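Listed below are the structures to be examined.
In the two assemblies presented below, subunit A is common to both, partnered first by subunit B and then by subunit C.
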Partner chain A sequence: MAPLSFATQVVQVLAGALLLISFAMLAERRSRRLLILLVWQGVVLVTSTVLVATSAHLTHLYYSAALTLLLKVCLLPWILFRLMRKLGIERDNEPLVNVPTLMLVGLGLVIFAFGLAQPVTALATTVLRHTLGIALAVILLSFLMILARRKAFTQVIGFLSLENGLFFAATSTTYGMPMVVELGMALDLLVAVFIFGIFFFHIREQFDSLDLDQLESLKED
Partner chain B sequence: MEILLVLGCPLLGAALLAIVGAKRHAAEVSVAVSLATLLAAAALVTRVIRHGPMTAWDEEFFIDPFNVFLVALTALVGFTTAVFSRPYMRIEANQGRLTPGRLRLYHSMYQLFMAAMLLALTTNNMGFMWVAMEMATLSTVLLVSLYRTRASIEAAWKYFILCGVGIALALFGTALLYTAAEDLLGGEGMGALLWTHLDAVKGQLEPRVMGMAFVFLLVGYGTKVGLAPLHNWLPDAHAEGPTPVSAVLSGLLLNVALYAVIRCKILTDGALHSHLPGHMLMGFGLLSTVLASFFLWRQRDIKRLFAYSSIEHMGIITFAFGMGGPIANFAALLHMTMHSLTKSAIFFAAGHATQLSGTQRMDKIRGLLAIHPSVGWGLMLGGLAILGMPPFGVFTSEYLILTTAMRDHPWATPILLIALAVAFGAIFSRLQPMVYGDTDAQPLPHSPALVPVFIHLGIVLMMGLYIPPALAEWYRLAARLIGG
Partner chain C sequence: MTAVAYAWQVGECLLAIALAPLFAGWVGQCRAWLQNRSAPPLWQPYRVLRKLFHKDAALATHASWLFRAAPYVVFSTMVVAAAIIPSVTTDLPLARVADAIALVGVFATGRVFISLAAMDVGTAFGSMGARREMMIGFLAEPALLMVLFCAFMTYGSTALPSVVEGALSQHAVVLHPSLFFAGVAFVMVLLAENARLPVDNPSTHLELTMIHEAMILEYSARHLALLEWASWLKLFNYACIGFALFLPWGIAVHGAGIGLLALAIGALLVKLVIAGAALALFETLSAKLRLFRAPEFLTMAFLFAVLGLLVYLLLGV
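What follows is the complex of A and B.
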């Protein structure tokens, strides 16, 4: 195996950071800190995309990095911060039970993700192919977060972290999707966050809190 | 050109209704827009019949016998639902459940939803297909929670999160598909995501990557089809949203999502040279059918009952596509059409029945024939049709599916038969007391729109007795295309 270039090594370190952030999110209770973690995830994503773009000389990746910077580091967190302040949930504490179990399940998911990525990793030709396992792990950890958390706000953060994982997966296997498709996805994501925002207000109006534990009336009888 | 019209009409309509949607004649505008869409779709159909499959706009759009029939069906049901929702939503507004602002949201999002589905059907680009499917989810989420009750907000949240997660998996599947195709078709251009290009080289796509891509695409789009075990959102969204939305979700969105799955299956079949994708479809299909038919017994809400029946029928269709081959595919396409028409007709009738009785609880709905015979007959005939009674068209397609299963996969036949029998018992035993018996309910303030119900049921009846040769030929072409 040829020695890795400096840029590639940095990207791999960043991939590791991405995974760490996902684990930190899993255990974080405060809404505000969760959002900051999400911003960090976006920053790492942008940096790694730019590095890949320079080392592989791909102009379209610069555009997609710029799009990510604009959307995931600036616009979406700004919207979410404003929502948080309006709803007054900045200091909300979410009781988390069984953090150790959650971590262990997370570890299991990471191993599973690496196993799953093996056949694709063997075939992809990009410099980043070894990080596909990490990307999949981020996706699965975000799932776990959506499943394990009972606050609407946290679930949305999980959803966005899932999107970040998907973006990373697309960059590591194929140097990103075609630009037009990426624009479409960005638009969808933006609309989704707006709708989430509308929902927060509806949920709070009807239930007086953003606790999804109260959303339990629609059970099979 | 026709494609532009088919997509442009609902899109412009959505923009127009976002402005005038709160006015008195918004419903008529919506009907007119849907009619224009239907006419454009008819023009598209004529063109494809005359000149065969076509691509447009640098091959970004693509029409073949498989999707053109779904475009026609979508435009037709979209139009009849708009006709139905005119009096229905007026009654809802009179009963004070909706404000003008929410009616505007309803009309505008309804047209946007139609545009998203038509885009998903006509696009040749797998990436755009994903974007359009997500757009279809986003445009309906706020419709499900239109009444702003606790239950409807909960249903919409569930729908949003579950389908959002599902569609994210489909995106990963699409990225893998792109990986598999990049080397063959070149990465920089858009060629590697165009379905027609992929189809041309499907034999050379890397099988392991394609296999994995298909798993993600199946689970992802399958969530939207309502395949078990990811069907949880479906009954809630159908029961809590306004009835016209339930009708289009059940009659159209599930079909479009299944269409996406089948397009991916065609590619994977070519790459894998094995029956693995088919077997997966059969497995998910059977599981959904059996699970849904037993859940039918536990339902008390009329719209939940028919939502579970939708899961059951989507399961049957998925199973048939899984078996593959010209006859099973033909039957699956026919069943898709029949289910779509019948189920939307049932939701129309059930919606008016709910308005008559003021509740969705089936034990409180009584004596529909006495108070409003056409609602009662609509519900009864629709129910019989969906249960697969001859001479309705659902019988024809189910019979074809069962006989093919008997020939190719005999082990599956008893499972299917038991599920069908259980579903029959569950639905028929609920239907009878609702239609017959005495009631003290009051007649509706506006006359209901039951013409769409009987148009749909009329087509279903006709297809059961006689499928026009031109239409049969069309199904055959599409069935051959799907192969398997």
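What follows is the complex of A and C.
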């Protein structure tokens, strides 16, 4: 294998860090620390995007990195922090059943994602094509996190981490999406978080908690 | 060549035996500073050893030969382990004979003997500690093996000296994402195996949650001294495995002169100072886990190590 440039190596390490953060999120019980992990994921994403932009000399990637920094590292976490404080769930401790099993399922997903990425990698031409497997794994792990969680708030964090995984997949295989698509997605995300915020209050008004298991009581027996 | 190599083999063992209490003392000192206590002197562990060696040993009435033999066995397994790990030089005749998988076996032997001895007298504390130790051990061992496999795959050998030589022979700086995963897993295994804070509290002496202390509760005098020394040696050994796998810079490779060896000892000391301070900082920041959370902690370690292997397969570095 040809020796890789230092920037590419750093991006590969950052890809590893993304995967590590995804697993940490899967096992984290406290909402507050989960949100902090999401911020870290955003920081890693911005750093890797900037590095890809410098090594591939692509100006539009700088814009998308700036957009990510603004939206995913600053604005969305700030909105979510405020929501958390308003809902009074800052110190919430979500019970998770059987974390070791969850971890092993996650490991299976990672193997699946790596296998899935292999044929795509063979066709891609970017230097970072190998990290596509990691991006796919982050996406699948976020899905698993949404499935395993019972609280609405943590499911939203899972959704945002899913979007981070998609963004990373786009940067690693095709050097980012067209600007229009990226702007549209950013706007979607922002609106989604606002709508989620409104839903949180509705759910809590109805059931006195954000536990989604209670939604089942809507069913008629 | 051989005579010099054997001399360094013995010298390295003696260095490990002599430095291990100092390292433990340094970790204790850092912890005390971080907790705003006045710190014990750096050579406090040596004083403890001298005090214990001067006392008369008291044995339980029902103690068998196993109870008396265990401290010597445990201490010698740790010395053998120190002989295999290339902490100063890779020119070790013993390390060429036994690879890192044998090293894990040596650690396991020590663990089995200390657990058997703890159950031998038949006190409740002892057998409880032994059972807990075995639970932690059987979860930590696969994680440790996976960490080692990760490094073995990267450098293509199961012997620790070859791993160190492989890492030092790279000309350009190569970052290995797989080894970052393995490094995180290794730190978790180190904490669990050495009865450090998130899994066991090393500073408690009479508590229901203790693991290591519960096993050596019945020991006194020279037996206790040997066991304490062995546990300090174990921490030292784990630190040196970590240096060999992840921070090999400074270790003298095959055929190095006396100047480079002196430099290697200096580098080892610097690394130990930094690692001890980091360990103390981590221990001060983290709270003890409930015992039934320990499997979760070690599953994470195992998982990170396996992820390291997978990332190696995916990225090829």
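Definition applied: the second predicted complex is superposed on the first by the 216 of 221 C-alpha atoms of A that agree within 3 Å, B and C clash if a C-alpha of one lies under 4 Å from a C-alpha of the other, contacts with A are read in each partner's own complex, and residues count from 1 in each chain.
The rule we apply is simple: contacts are C-beta pairs under 8 Å (C-beta built on N, C-alpha and C of every residue); 3 or more make two chains touch, one makes a residue touch a chain.
None of the values given here were measured: they were computed from a predicted structure.
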| item | value |
| --- | --- |
| Fit-or-clash call for subunit B and subunit C when the two complexes are aligned on subunit A | fit |
| First, second, both or neither for A:I198, with subunit B first and subunit C second | first |
| Contacts of A:L107 with subunit B and subunit C, given as first, second, both or neither | second |
| Partner chain in contact with A:Q206 - subunit B first, subunit C second, else both or neither | first |
| Per-residue touch tally on subunit A - higher for subunit B or for subunit C | B |
| Vertex subunit A angle, Cα centres of subunit C and subunit B, expressed to the nearest 10 degrees | 150 |
| Touching partner for A:M177 - first (subunit B), second (subunit C), both, neither | first |
| First (subunit B), second (subunit C), both or neither touched by A:L162 | first |
| Which of subunit B and subunit C A:I146 touches, first, second, both or neither | first |
| Partner chain in contact with A:I79 - subunit B first, subunit C second, else both or neither | neither |
| Overlay on chain A, subunit C to subunit B nearest C-alpha distance, Å | 18 |
| Shared subunit A surface residues [contacts with subunit B and with subunit C] | none |
| Sites on subunit C touched by subunit A in the complex | 172-175, 177-178, 180-181, 184, 295-296, 299-300, 303-304, 306-307, 310-311, 313-317 |
| In the complex, subunit B residues that touch subunit A | 125, 127-128, 130-131, 134-135, 138, 141-142, 145, 148-151, 153-158, 160-161, 164-165, 168, 171-172, 174-176, 178-179, 182-183, 187-190, 192-193, 206, 208-209, 212, 236, 240, 295, 298, 300 |
| Of all residues in subunit A, those that touch subunit B in their complex | 60, 116, 119-120, 123-125, 139, 143, 146, 152, 155, 159, 162-163, 166, 169-170, 173-175, 177-178, 180-181, 184-185, 187-188, 191-192, 195-196, 198-199, 202-203, 205-207, 212, 215, 217-218, 220-221 |
| Subunit C partner contacts - residues on subunit A that touch it in the complex | 1, 3-4, 6, 9-10, 12-13, 15-17, 19-20, 23, 27, 99-100, 103-104, 106-107, 110-111, 114, 117, 130-131, 133-134 |
